[in-house]
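Chain nomenclature is as follows: A, B, C, D, E and F, assigned in order of appearance, with residue numbering initiated at 1 for each chain independently.
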Amino acid sequence: MTLICVINPNTARSMTEAIGQAARAVAASGTTVVAVNPTMGPASIESHYDEALAVPGLLEQIALHPGADGFVVACFGDPGLDAARELAAAPVIGIAEAAMHTATLVGRSFSVVTTLSRTAGRALDLMHRYGFSQACLGIHACEIPVLDLESPGARKAVVQACRATMERDGCDSVVLGCAGMADFCHEISLEIGIPVIDGVTAAVKLAEGLAALGLRTSKRLEYGTPPAKKYTGLLSGYTRP
Amino acid sequence: MTLICVINPNTARSMTEAIGQAARAVAASGTTVVAVNPTMGPASIESHYDEALAVPGLLEQIALHPGADGFVVACFGDPGLDAARELAAAPVIGIAEAAMHTATLVGRSFSVVTTLSRTAGRALDLMHRYGFSQACLGIHACEIPVLDLESPGARKAVVQACRATMERDGCDSVVLGCAGMADFCHEISLEIGIPVIDGVTAAVKLAEGLAALGLRTSKRLEYGTPPAKKYTGLLSGYTRP
Amino acid sequence: MTLICVINPNTARSMTEAIGQAARAVAASGTTVVAVNPTMGPASIESHYDEALAVPGLLEQIALHPGADGFVVACFGDPGLDAARELAAAPVIGIAEAAMHTATLVGRSFSVVTTLSRTAGRALDLMHRYGFSQACLGIHACEIPVLDLESPGARKAVVQACRATMERDGCDSVVLGCAGMADFCHEISLEIGIPVIDGVTAAVKLAEGLAALGLRTSKRLEYGTPPAKKYTGLLSGYTRP
Amino acid sequence: MTLICVINPNTARSMTEAIGQAARAVAASGTTVVAVNPTMGPASIESHYDEALAVPGLLEQIALHPGADGFVVACFGDPGLDAARELAAAPVIGIAEAAMHTATLVGRSFSVVTTLSRTAGRALDLMHRYGFSQACLGIHACEIPVLDLESPGARKAVVQACRATMERDGCDSVVLGCAGMADFCHEISLEIGIPVIDGVTAAVKLAEGLAALGLRTSKRLEYGTPPAKKYTGLLSGYTRP
Amino acid sequence: MTLICVINPNTARSMTEAIGQAARAVAASGTTVVAVNPTMGPASIESHYDEALAVPGLLEQIALHPGADGFVVACFGDPGLDAARELAAAPVIGIAEAAMHTATLVGRSFSVVTTLSRTAGRALDLMHRYGFSQACLGIHACEIPVLDLESPGARKAVVQACRATMERDGCDSVVLGCAGMADFCHEISLEIGIPVIDGVTAAVKLAEGLAALGLRTSKRLEYGTPPAKKYTGLLSGYTRP
Amino acid sequence: MTLICVINPNTARSMTEAIGQAARAVAASGTTVVAVNPTMGPASIESHYDEALAVPGLLEQIALHPGADGFVVACFGDPGLDAARELAAAPVIGIAEAAMHTATLVGRSFSVVTTLSRTAGRALDLMHRYGFSQACLGIHACEIPVLDLESPGARKAVVQACRATMERDGCDSVVLGCAGMADFCHEISLEIGIPVIDGVTAAVKLAEGLAALGLRTSKRLEYGTPPAKKYTGLLSGYTRP
């Protein structure tokens, strides 16, 4: 049995449930998916500031699930990914990371369709960090806030943004730039005729794969368990495995 | 049921069998692995020349397995990968590609330990092409020819090369640069204490993942089915799905 | 009058004072330096994990100093810099950023001497992010923990690490990779005969310069004030200017 | 006397003759040009698949001309170039390589006008591999299949594509992305007023230059003669010099 | 007291005076600004040719001001910067360098608005050399010759070019690509609502900063005082400090 | 008849003669080589400063040879190349440019062996500018001043430096980093067994090639004839073709 813990780093419980459903829909028969979110932090992540304040609660969830065989950080900014890799014994996958890697397996190039344009800078940083500066042809916003993705009309607007992106960039596939778009994925692909990649589901498969291969984060250097030290105030550190 | 066709691009049948075994050892319960090799071409691939002459036979195997849900090209030069993606309806994964992607999920950096130093140039090209110029810290040869990897003593020499690489490069993980090293993988990892990644097994899991996600090579542009045309002589083209 | 708020992101008060002294030593006559540290978080920052848990307290200090004309984030990982730029009305400078920029004004190349080797990955990320992949020839650790930099013997070990770095890398200057090394700067430069750059003092001068030029963080796009939203639990967000 | 063997990798004899004529038109008085094509393979190269199946026949031609002082691979995908360099004693030049190098000697930047857009990915790979990521401003297709370049109207369409490229990209020169465009070169340059570079003629001059300098492919490492080995089936390997 | 010598590399005295005024307007109370120009060379710099012929006179001014604590090269091509760093004991800052560095401190990205499009290639070279290939989103010309910047109407045209650049590139700030635009800086920023950076004033603050930090050009290797040697003819070399 | 004007940018007449001899030795039967040097400037070029003061005299030589079909700038720093391209009607080739381009035609990688280590920075800039950041594995100095290359013993020291470079870098070829090494080229290649490339001879062949192809510098944008303008003092500008 493989236990994958999917962490929605914001505190919107309905979004956590939707993410959990998307994850379970692709999980292998022997996989159990647990979908959680922090008890503290922002209701949605739409800025570097939101992201920074989401990370402590995210790390707490990692500490609370020592039995997981893999973690998925289900926000397209991959917040706290490096810290999570230090803290967790099991491998940790970010959904931007997962979606970008997966996209390059089904074509030379991809473009990203994200929520607000102010978040494009973070996606750009990740694109460079993961090595996809050439593969990624563009990062475009549909200007729908994260929590409005559930509203009627959002789906259609995202489809339109994906189609426009495909035509403008000439990309081989489109990467959806928000965990809240996970359940639009197949529909958009059918509509525009090229692969559309959602990071939540992509990350679940990568995490299952690592578990099957017996691979975990290298603990020798940078990602070794963080050194124990004194913590002051509210943020007093979380138990480490 | 998911059918993964693993193609060893050389004609060494014993190597094909070993690759098949390694692939089956990590395959999910619902996956069937078929391991094949070309009926024409070189007995092992240790030069650009060998690689070039291996590709037509490799493409023939793709054409002969139209029912596969995914293909793995099991040679670290990822020979013919672009052509295979055009020809196949199902996704195609190269083992260098698979190993490099997987390595970056368990650490910031990796180094490659390959067979002969003359093949390092090809690995370098792939590293750049896939976006891992920063993640890959070095490509090192153990100077053991491909078909000698089965001989006694080879395993020990590869372990030593991996350990030396880890110490010199300070890499988070080691990628094995030949399909013939697939079954050394776990042992080396235990010996040197960091993740060691074999591309054959990594590629099987990526191919399974794509199948589960319903993702296939984008056929809109570059990887569309090749245009039909007149072929002359022995190489008269292979049926396309 | 120019007010520069220097924030030591860890909670070690003695280090905050030393940083404040170093900052005041180079400040212009019309500049007032306030040196503060968070009330919550780790006593020192030596991992991605520490960094993540230091950021909320750092952002709180930004919110508490709305009258500052410039902020300095005095930890070489430049933690929370993007979030701070969103939150603050005044410009914000990280000390890695400041030191790297300054180093390129006095030579073609520099190398970094930092504390623990596990922090080199973060410095590498910043080097790429700021555009200094070619200018930076190496990032080397002296393996002295942050809080041990005040102990006798530390200074000598850092000098030795700087000299070894200069000889191995052939760099034009050395960048000190920790705010705790600020007061070693001149001494090391005298000993090894090339410029040695400390980020705290460099950042103070850059912040003063921006203030004199009337330049502030561009608020049009990515670094606009973060959108107001609901915060849950302990991390309930900080007032924004 | 210098013998340059120009190999058209497709089997279209009329195209081979046109390429030979273009080559002879620029050859020095002491140079003999032999223009050949494979006896097996595709009639034109418009996909990775075509390219892969063209290479064995191309390599056979190299083996059949051991007395050549230089080889030109006259297809803009530079198919089999690495393998040819291993096999040949004399230097080998690809026409994409030749055209791109030559373009950077007459301006800072160039753009490529090629046949079908599906071949742009290969040109992109070559551009990166040869080091011209900054010099190359764009790769554009005129959407005329290779063998239709001889038809009336093609010339005019290529001129229009070159002019549009010049105006859109602001490039200093235009590189023609197909050997079949060789004889349009001067006319287009006269029409649009900037240098237009054809790879076939450029490659002949580079090959002559290497011969005059006494330079051949370095045989020490990667491009050493491929190791002898057992070949099975139709593709049984070609004699090596 | 800090003495900053600002060198306008062209021989237009009115431009030198305007540059001196701009420099003094931002200088600290303890700073004296001397603004000079060569006695030989072109009246304005609008080509590589002009730049090359401006450098000897520029270097002469450096040799004539041995007491300076810092030099500013006030032409956006940063002509002769490397040579000046060898010659001068004090640090030397180019205005393109200064403006680009400063721009990255107030946003992720910037674009340049320069005079004639023929000078964009030089700005591109500097952008790459200084490490700002990712930060710089575009280099655009307003097609106003340098000496016409003082004419009525020029200011308005530059404002329009800056606004168009901001809208097209989505940049966080605009860098002014000519010393002759120095006094438009604040007005343009007020009009378009994002930071606008002039290199002359930015360079003065960077030079003051280096002086306060006690930092000078590293003299150990590349920028050591040039070796004494025989000079022939008019250009007989300038005294070195 | 093709007239190639080879300009040694320093004023050492014996070096000019040696360069002329090397050039003539590889020139085609229909080529006339004229070797000249400036009447003013430094006796050798070993710093950015020397280079800057050599350029005006170099440009004067270009203006004095309006009938040339091609120019070669015979100093490995390629001084004044951009300015020369603006000024000349005929194409202009730098010897670093020529050597680096040529090296990549006979192998994947090269290293440079130059004179003094202080000149390596310039070579590094050219390497990046020409696109050979990946192809160039190292730039190493033999620490022999330019004018001492003619002394007994120099040849042996350069051979040793080339051999050491080959062994350390594993490069496919060695590029000689000074025009004064031109006549060592064949001997070193024979001794170390890999291609050794001299820029003077390489440039002559490239210039002949461009002439045969009818290609000249693109005059549309950056390299158009410099705008006429007022020049003051000794450097009063040179007639332009």
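Odds and ends about this structure:
Please note the rule applied: a residue touches a chain if its C-beta (ideal position, glycine included) is under 8 Å from a C-beta of that chain, and two chains touch if they have at least 3 such contacts.
None of the values given here were measured: they were computed from a predicted structure.
In terms of residue-numbered contacts, A-C and E-F present the same interface, as over half of their contact pairs agree; the other options in D-F, C-E or E-F do not. Interface chain D/chain F: over half of the residue numbers present appear on both copies, so the contact uses mostly the same residues. Rounded to whole angstrom, the centroid-to-centroid distance between chain B and chain D, based on C-alpha atoms, equals 29 Å.
With each centre defined as the average position of its C-alpha atoms, the distance from chain A to chain F rounds to 52 Å. Multi-chain contact residues of chain C (touching two or more other chains) are listed as 108, 121, 128, 134, 221-222. Against chain B, the residues of chain A that register as touching in their complex are 26, 28-30, 91, 93, 97, 101-102, 104-108, 130-135, 166, 170, 172-173, 186, 193-195, 197, 201-202, 205-206, 208-210, 212-218, 220-223. In the complex of the two chains, the chain D residues touching chain B come out as 11, 38-44, 46-53, 55-57, 59, 80, 82-83, 85-87, 117-118, 120-122, 125, 128-129, 145, 221-222, 224, 226-227, 229-237.
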